């Protein structure tokens, strides 16, 4: 991720200030997509409950990917769901970010040896922040959202490169690891 | 039919093991006896063949019964009981999906959990957890005596004598 | 039902709902203001794993591989060699893949010397997954930073300000009720 | 019910095919239902599941018996330890492990706490589906209190891996009984509010009464269990029918409703919450404050060859497990009987003929959890 703030980038007074302003606005109004998958989805809902209250940071769930900035992948992604997940990501408007929540979304977690589980959601979509845990506490998700906020605020708009989108489509194309075996 | 059926008592359930040809007839009999609540149908890979386990409860007096039948790998066909208990519809589809058991007469027998394009039945013991074939896996020979054969009738007098003799010596 | 009745029903229902919601206005908000106020987690809470050293800095772990065998998610990798002087084993490699860990604490249950423990550090989110592939130094560092930890054999242990390791008071222990109730019974009898 | 593609049937050009899910704000997870619509009325409905298939049964065959317990947790993730119990009971039966009386009571307390937590989640999300937002905030607020009590003892909020063969893993926290008693006082006050907001709301009445009626015979034949079955008038509850743990020691009733509609399912869940509070009140008094929390279990769990089916009444119905052992330390086959899996089968029956907006209310009243349905 070369977009993270580094000391070497050239600073421009006018445009640089404008960048900072836009980034600040963006980082203060991250709207996640309502997309719950598994156990972590319940903890994701709990992050917006009165106790943790992520609304304090200007984050509200949007029901359609067109209006959302952040996708929180909260649970195990299997090969059947992977195509749908990818389509949702493609439907989101730029700029967009992905948080991988929990062990299953990170690398398959306890289910990674299974025949139908995708070993990590970063094989399908580019991930910005990873949260370990099974499931992570709501506070851990909030910490990840704040980490993402820092990342957005540090980004420089003029040097925006196309994001590296995984091209590992094997997961999406092949239904089974050896799906060509003869039917018994 | 009675000859090809083994009945035993396991914990609090009656367990019937039948020949696949008699499976449907026994299920019809049980439906007539008032077993109305289907709990589950489970497919089990026994190593020599596939086993179908149907579990039923009678709501009236809470009697529980289990019906088992074993079919060979090369012809895993079992008659469907969806018309007797509609609640087993998804369980039969699941058993087909996971083990390749084909239920004859099922209204809509297709994969339920995996996608239609999948070619493997992952719960078979010939595949490992990741869905790859286990090297060197061979089916076991069919058990002898056959699982549905009733045990030979005990001969109480001789058996009793033999036990006593064993204890004395 | 006449129109008037329907209107009255609607007004009554809205009124009841509003009154119920309004009652909550005067209740204390349960919000815990996380990044500014850190939550006080119970000492048995499983948020991360650590490898505790003894007070003198020597290794508590005896490298018996029990945790590796007990791990359901199979994320623990241990390599060891025989201690050339004295008996027992020494650690070559002790890795816990905290990415795939399911935080069930089965390893902690299995540990015979309470070396591997659960700690309450939940702030582990990262930009890079490789930082979560914990090796033995990482796990020691986790234990050094922790104020309290739990293992079934020794219960909750706390690190005092001068660096000593002590057993926590019974109010913090699971099953501490037996110890709390015991003096009262003795006084009674 | 035949396979339904997205093309309309020839000769029925007025039918519109709508694909609901798997990403849909009101489907409680990753359910996909293909609906055929004529205007607002549903003519056909075919549910598609499997978007959360995680190979539970295959992975559990490759794990030893104690290792399976944390995996079972992840099935019905809303109700935590309730999933561990059938597996633990089945293995205890096969090995003949004695469970101390106190351990049984602690298990039952956790079981009922999680039933309350699960029904609170149901209430919040069901009302969210019907368009009300504040019940969600209130129920999750109360759920946090339950999870706080659980975490103090069991070490995790949702999936604690707390039960073990012969009892529970560790003794309860000193504050446990006091916390539970305080929470029950709090919950009884809250239930009054919930009745105002949910059961007495005219919006809920209008959207649920007479909607999605399930007859008694249909419910039994479809293998439906739990609150959905009891709302159709069948008083079948595993806690009473095949008692386990401390349920023979406590008094409670099985609430049933003869109506079988969506409102009846809402109502039965409410009454179950009252019964859970009643059970917990008795157990706070009955449970010895100190004593053994774990029976004697062998160091290596190796059940003799054989099979055992055990079921419990979890928040959604009869959750069973068939454990087949071949005498080794790994189960030969673990087959889970999911309550929500069976309950979801009636979706085509209930959807056909209903209006599209009713479909959301019906689905909310079934309370599916996809970790258990897809396994």
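For reference, chains read A, B, C and D in written order, and residue numbers begin at 1 within each chain.
We adopt the following convention: a contact is a pair of C-beta atoms (placed from the backbone, for glycine too) under 8 Å apart; a residue touches a chain by one contact, two chains touch by 3 or more.
All values derive from a computational prediction rather than experimental measurement.
S.K.: Once you count every C-beta pair in contact for both, which comes out on top, A-B or A-C?
M.R.: Answer to which pair has more contacts is A-C.
S.K.: Using CA atom averages as chain centres, what separation in Å is found between chain B and chain C?
M.R.: 44
S.K.: Report, in whole Å, the distance between the mean C-alpha point of chain C and the mean C-alpha point of chain D.
M.R.: 27
S.K.: Could you pull out the residues of chain A that touch at least 2 other chains?
M.R.: 50-51, 80, 110, 113-116, 134, 137
S.K.: Give me the residue numbers in chain D that touch at least two other chains, ranges are fine.
M.R.: 50, 53, 55, 58-59, 62, 70-71, 74, 141, 144, 159
S.K.: Could you say which residues in chain B touch two or more other chains, in rising order?
M.R.: 114-115, 122, 129
S.K.: Are the chains arranged, by touching, as a line, ring, star, complete graph, or other?
M.R.: Basically it's none of the tidy shapes, so other.
S.K.: Using the touch rule from the top of the page, what pairs of chains touch, sorted by label?
M.R.: A-B, A-C, A-D, B-D, C-D
S.K.: For the complex, give me every residue of chain A touching chain B.
M.R.: 79-80, 113-116, 175-184
S.K.: Show me the residue ranges of chain C that touch chain D in the complex, using the header's touch definition.
M.R.: 9-10, 13, 16-17, 19-21, 23-24, 30, 41-42, 44-46, 70-72, 102-106, 109, 118, 150, 152, 170-171, 173-178, 180-181
S.K.: Please give the residue numbers of chain A that touch chain D in the complex, ascending.
M.R.: 34-39, 41-43, 45-46, 49-51, 63, 75-76, 78, 80-81, 84, 88, 104, 110-111, 113-117, 134-135, 137
S.K.: Give every residue of chain C touching chain A within the complex, in rising order.
M.R.: By the definition above, chain C touches chain A via 29-35, 39, 47-48, 72-74, 98-104, 122-129, 132.
S.K.: Hey, which residues of chain B end up touching chain D in the complex?
M.R.: Residues 10-13, 36-40, 42, 44-45, 53, 55, 59, 62, 66, 85-90, 98, 107-108, 110-115, 122-123, 128-129 of chain B touch chain D in their complex.
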